[in-house]
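In what follows, structures are represented as structure tokens.
Note that subunit A is present in both complexes that follow, paired respectively with subunit B and with subunit C.
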Partner chain A sequence: MSRRAALLAAIRRSDTNGYIFVLPYVIFFLAFVAYPLVFSFVLMFHRWNLVSPMEWVGSKNFIRLVQDPLFFKSLFNTLTFLAIHIPLQIFAALGFALLLNTRIRGRGFFRGIYFLPVVVSGVAVTILWQQLFSFDYGVLNSLLRLAGLGRVPWLIDANIAMPSIAVMATWKNVGIYIVLFLAGLQGIPRELYEAARIDGASPLRQFLYITFPMLNPTIIIIVVLSTIGGFSLFIEPYVLTGGGPMQSTLSGMLYIYNQAFYFGHMGYAATLGFVYAAVIFLVVTVQRRVIERDIAT
Partner chain B sequence: MRAGILAVVLIYGCGDGNGPRNEAGGTIELTYWPAPNAQEVELADSLVREWNILHPGVHVVMQPIPVNQSTEEVLLAAIAGKTTPDVCSNINPIALRDYVASGGLIPLDQFPDFDSVVTQRIPRELLGLFMTPDGHYYQVPWKTNPVMMFYNLRLLRAAGVSGIPNTYAQYFALGDRVLEKLNGPEKAHIWVGERDIRPIWWQRMFDFYPFYLAASGGQPLFRNDSVAFGNSSAEEVFAFFRTCYARGYFPRTSFYQSVDPFMLEEKVTHIAGPWQVAAIRKFAPALDYSVEPLPVPDGRKGPVYTFGDFKNVAIFTTTKHPREAWAFVRFLLSARYDRLLLHLCDQIPVRGDLLTNPLFAEYFKNNPKMVRFAEQVPFTRGMDSAPDMKEIFDGISQEYEMCAVYGTKPPAQAVRDAVERARMITEWNR
Partner chain C sequence: MKSVVKYILLTGGALVFVYPFLWMFTSSLKPEAEIGDLGLWSTAFSFINYEKVLVKIPILRALLNSLIVSASCTTTVVILGSMVGYALSRLRFAGKRGLYMLILFTMMIPFQIVLIPQYILMVKLGWTDTYLALIAPTMISAFGIVLFRQFFLSIPQALIDAARIDGCNEVTILFRIIYPLSRPVIITVALLTFMTNWNEVLWPMMVVRERSLMTMPQIVALFSTGGEAESQLGYLLAAATLLALPVVIAYAFFQRYFIESMASTGLKG
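So, the complex of A and B:
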């Protein structure tokens, strides 16, 4: 019996209900994951503006990419964003999680409030921050003026715009990481703290030698999720700055969007997308190697 | 933009089309798309009504171009969906290559009387600029809006400036006088000029590009499909605007007022086309101003060129009646309808005889400010028809922002980088 016939016989023998149950996901996967991926891969070797027929260009999209200063600029901007956003995210989320893990009054209320920005539309949040960051009429600059300080060009200075966006993105996403840290904190065995207290360890030492190492898996998850999320930075610069001033907030995703839908270079945008996916894979691999520790040792 | 095209393809591509329909009862039917603004629709309506009376065998249906973000998107979508009209009079030369590459337009020089009809209207030198690299003409230049400099004469007098600047040095002298005399404590701020500082590609058609044409004597950005603006003229233009921002003549912000600051007398100079004359006539009829050619680098001699937003006429390949469509185009290009274009739309027909043909005399007598635009027509240039001009202008805009607005890059470096980017895009398109 050939291999194909054996496979068909095995399928016939199996329970067909199982195939029916998985069919919706298989259809979803083929339509929304496999097909776009394969199509994007094909697009990398073509020039296509959505209207005219596709034109085979071979490796031209890759040649352009290595010569394109805006690609490197957008990569640099994204890495700058990550360098500010990830540490800020971890410190803010861990700090709030530690506070919300103690027995304070209204704990449930505060846990809800910190999670609220996560569920609010990204565009709505960004427009709100646009009002806060406004140079002439923004709330932040009004407060600074009331305090007798000068105004800060939050979004109109090339050196400050990306850090401003990183602060905003941290505010938006911190809630979900608080929840992850809370889960991590509640998973630490209480006996470890009891033993440490009996040995005379101070709260700081308990944090450094018990809490922090035991949170290592949570930190890895948060760093990986923040990195992938950071590489997807789009709504904030698209709405707040359009990538300016002087391209200082042009993120990778915004550049891909511009190439695809503003200039109509679908093939080049697909090439950028695949290269960014490879960069994300590389960065996450390095992060895991650096951060991951075996808790048992 | 392309997402918009896709939407338009879906909407218009699924219909039964607006192309020429089969003859009903022996009558040929043509479809004509004018621009969708009220004045041009009124003009098109008059034109079609008269044509249909005079030509009972060829019935023309007028339908304004479906409203979208841009006409170019709609036409590209219509070409893809094979739902183009027979004739359209809102062809932007910047997108012509895309239309031709998509197989959307027919060469008009196939008609035996093309040369005589067109050269009767416009100088041959100007016509030559609209030839595509394959040696054919797919468009007839119809109207243009030359970009010129408006000066507020009352503010100039108040600043003690006598004479209109012709050169950059004279413009800077005007700027210094305005800052000295019209600005200071307890005075409302009067700007020398103002431009939208956002790095949006088409904004450079109202600062960098017309000034480049003026500085270079009308040289194109591309020559034989190669980048040709890496020169001293481009550097001089970047340096001019850099000085305007550095000395505080122009604000480093964009005005978002509903009323134009030039009409509010908040700035002394303003770069605009003939549409500004119509707006002033309507909203600020008492404004004392003049319209002049753009200033040029010191020492430059000869005519002062500028950019004009040309809109041209073309026939699409979906037409089943090219001869009849060409006859309709000839009718549209007649002097009588050019006169109506002036009267109804305040737009300048591309003609060499605007100031000599008695048909137009009454209009220019009643609208003396428009005479300067008519004089400018022979020295008005359109946009190069190179692929991806939008992205090339985006690159120029980015460099303009860095060099001129924020002064973080010297002009020579900014021009070099803009040229480098344009070359990369051009190479990629080959």
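So, the complex of A and C:
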């Protein structure tokens, strides 16, 4: 029997209900995933502002991209964000998770409190932090003054603004990673620690040689999710700084948005979106490899 | 570690997460001149900032819009997603494996690549400034399908066979037999979808310009960046508090479900 005939026979044996049940997804996929994907490849080679007809420009969008200082700036800003956000996030989440994983009262209460910023809208959190970060009357600078220290130009200084946003994002998201670390910690078999204690391993060595390696899957998830989150950063710089000062908080997503909606460069915005997606894919793949290898050795 | 030290650290952490919210709420009740204060008390508390916000932006209408959009997406994501999940786990048809692979593949596509083309699709369909643009692209969730499939695989086949022998059709089996057993996964998918849509702000900012159709986070974001707030911190904090309030209230009652559903996103990595 040929492959074609085998396929036909398989289809004839199939449950029609199956096709009916998956039909909505197939339509959804064609309209909102497949079509946009194909169309993004068309757009990348055109100049278009949605009003006048599309104009074929060949590879001009790509040539423009590799010469666009703002694209590299936004990439650099995102990497700055991640370089601060990811270590801070892991350090804070693991610290709280280790505390919560000991014998204490009120674990659920504390976990619930730490999780609160996760559920609140990013817009509300950003408006709140805009006041906390305010140079003259902000809560953070008031606290620093109480401690006898100088004020920090949180959002005004081009070198500090992106790190400030990274701190805010950590505050907002750390709750979810505390929960993930807690789940990871509870999955480590107790026998490992018992065996280590019998062998005379110190608590520090137990942490380095048992806890940390066993949390590897959780760490990978956190690094990957934070990276994707970092590349999706939009509303925080939009509300806080508008991308400034001196483009220092211009994120990739904000740049795509500006190109599409302020300048009407749909083709170039689609090109940026494609290149950003490729970068995310690459970075996440490399991260997985590196983390898996580092812990294995 | 001494347990006193542990509790001090834990409580300190709790303050770091809660105090800013308390400060936001109480400051929104204070007169403008007192907002720079660290404390939570004022002798001049009033709701004047809230009254101003309600007059300046149609925030209640935005609340209604957010509810309509989030509730619609949640309903379709659960119903359609569970149908696909059921077919993928319990029905036999050619192409099933391929379809499942496709769904997993779509979850790996960074959204940046389809964002602009999706927007253009909305423009071409004439859906901008309608609820359709806000609802249609998130009507089905690949992640929801995967969660449903996973859960349904754990339901004993004997139960489904028995129902089939009794003459139930697949629709009845899914909604009458499987659904009552699937409360945990339905709650997880529903809550996750609702929250994601409720907090979404980038997509509404792309497809909605008409104020009467804006969602709540969108209108508050534009209020804070536009000129309407007249640089009055009190107005901004009142608007942010109104935006945070519905979720905080829901969270107070259903905390466990929130944490479980939102943590489940971490398990797909």
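Assorted remarks:
One rule holds for everything that comes next: the second predicted complex is superposed on the first by the 281 of 297 C-alpha atoms of A that agree within 3 Å, B and C clash if a C-alpha of one lies under 4 Å from a C-alpha of the other, contacts with A are read in each partner's own complex, and residues count from 1 in each chain.
In the analysis below, contacts are C-beta pairs under 8 Å (C-beta built on N, C-alpha and C of every residue); 3 or more make two chains touch, one makes a residue touch a chain.
Not measured: the values here are computed from a predicted model.
Of the two partner chains, subunit B is the only one touched by A:245; subunit C is not.
Within the superposed three-chain model, A:261 lies in touch with subunit B and with subunit C [touch as defined at top]. Touch criterion met: A:32 reaches subunit C, while subunit B stays clear of it. With both structures placed on the common chain, the touch criterion links A:62 to neither subunit B nor subunit C. Applying the stated contact rule after C-alpha superposition, one finds that A:15 touches subunit C and leaves subunit B untouched. Residue contacts after overlaying the shared chain place A:49 against subunit B, while subunit C stays out of touching range. In the superposition on chain A, A:193 makes contact with neither subunit B nor subunit C.
Between subunit B and subunit C, the partner in contact with more residues of subunit A is C.
In the superposition on chain A, subunit A positions 50, 242, 260-261, 266 are in contact with subunit B in one complex as well as with subunit C in the other. Listing the residues of subunit A that touch subunit B in their complex gives 49-52, 60-61, 63-64, 67-69, 158, 242, 244-247, 260-266, 268. Interface of subunit A with subunit C (complex): residues 7, 10-11, 13-19, 21-22, 24-26, 28-29, 31-33, 35-37, 39-40, 43, 50, 96, 99-100, 102, 104, 106, 110-124, 127-132, 136-139, 142-143, 146, 171, 175-177, 179-180, 183, 218, 220-222, 224-225, 228, 231-232, 234-235, 238-239, 242, 252-253, 256-257, 260-261, 266, 269-270, 272-274, 276-277, 280-281. Of all residues in subunit B, only 1-3, 5-6, 9, 76-77, 79-80, 98, 101-102, 198-199, 388, 390-391, 394, 398, 401-402, 406, 408, 417, 421, 424, 427-428 touch subunit A in the complex they form.
Subunit C contributes residues 1, 3, 6-7, 9-10, 13-14, 16-18, 20-21, 23-24, 27, 35-36, 38, 80, 83-84, 86-88, 91-94, 96, 99, 102-103, 106, 108-121, 123, 136-137, 139-140, 145, 169-170, 195, 198-199, 201-202, 205-206, 216-217, 220-221, 224-225, 233, 236-237, 239-241, 243-244, 247-248, 251, 255, 258-259, 262-263, 265-267, 269 to its touches with subunit A in the complex.
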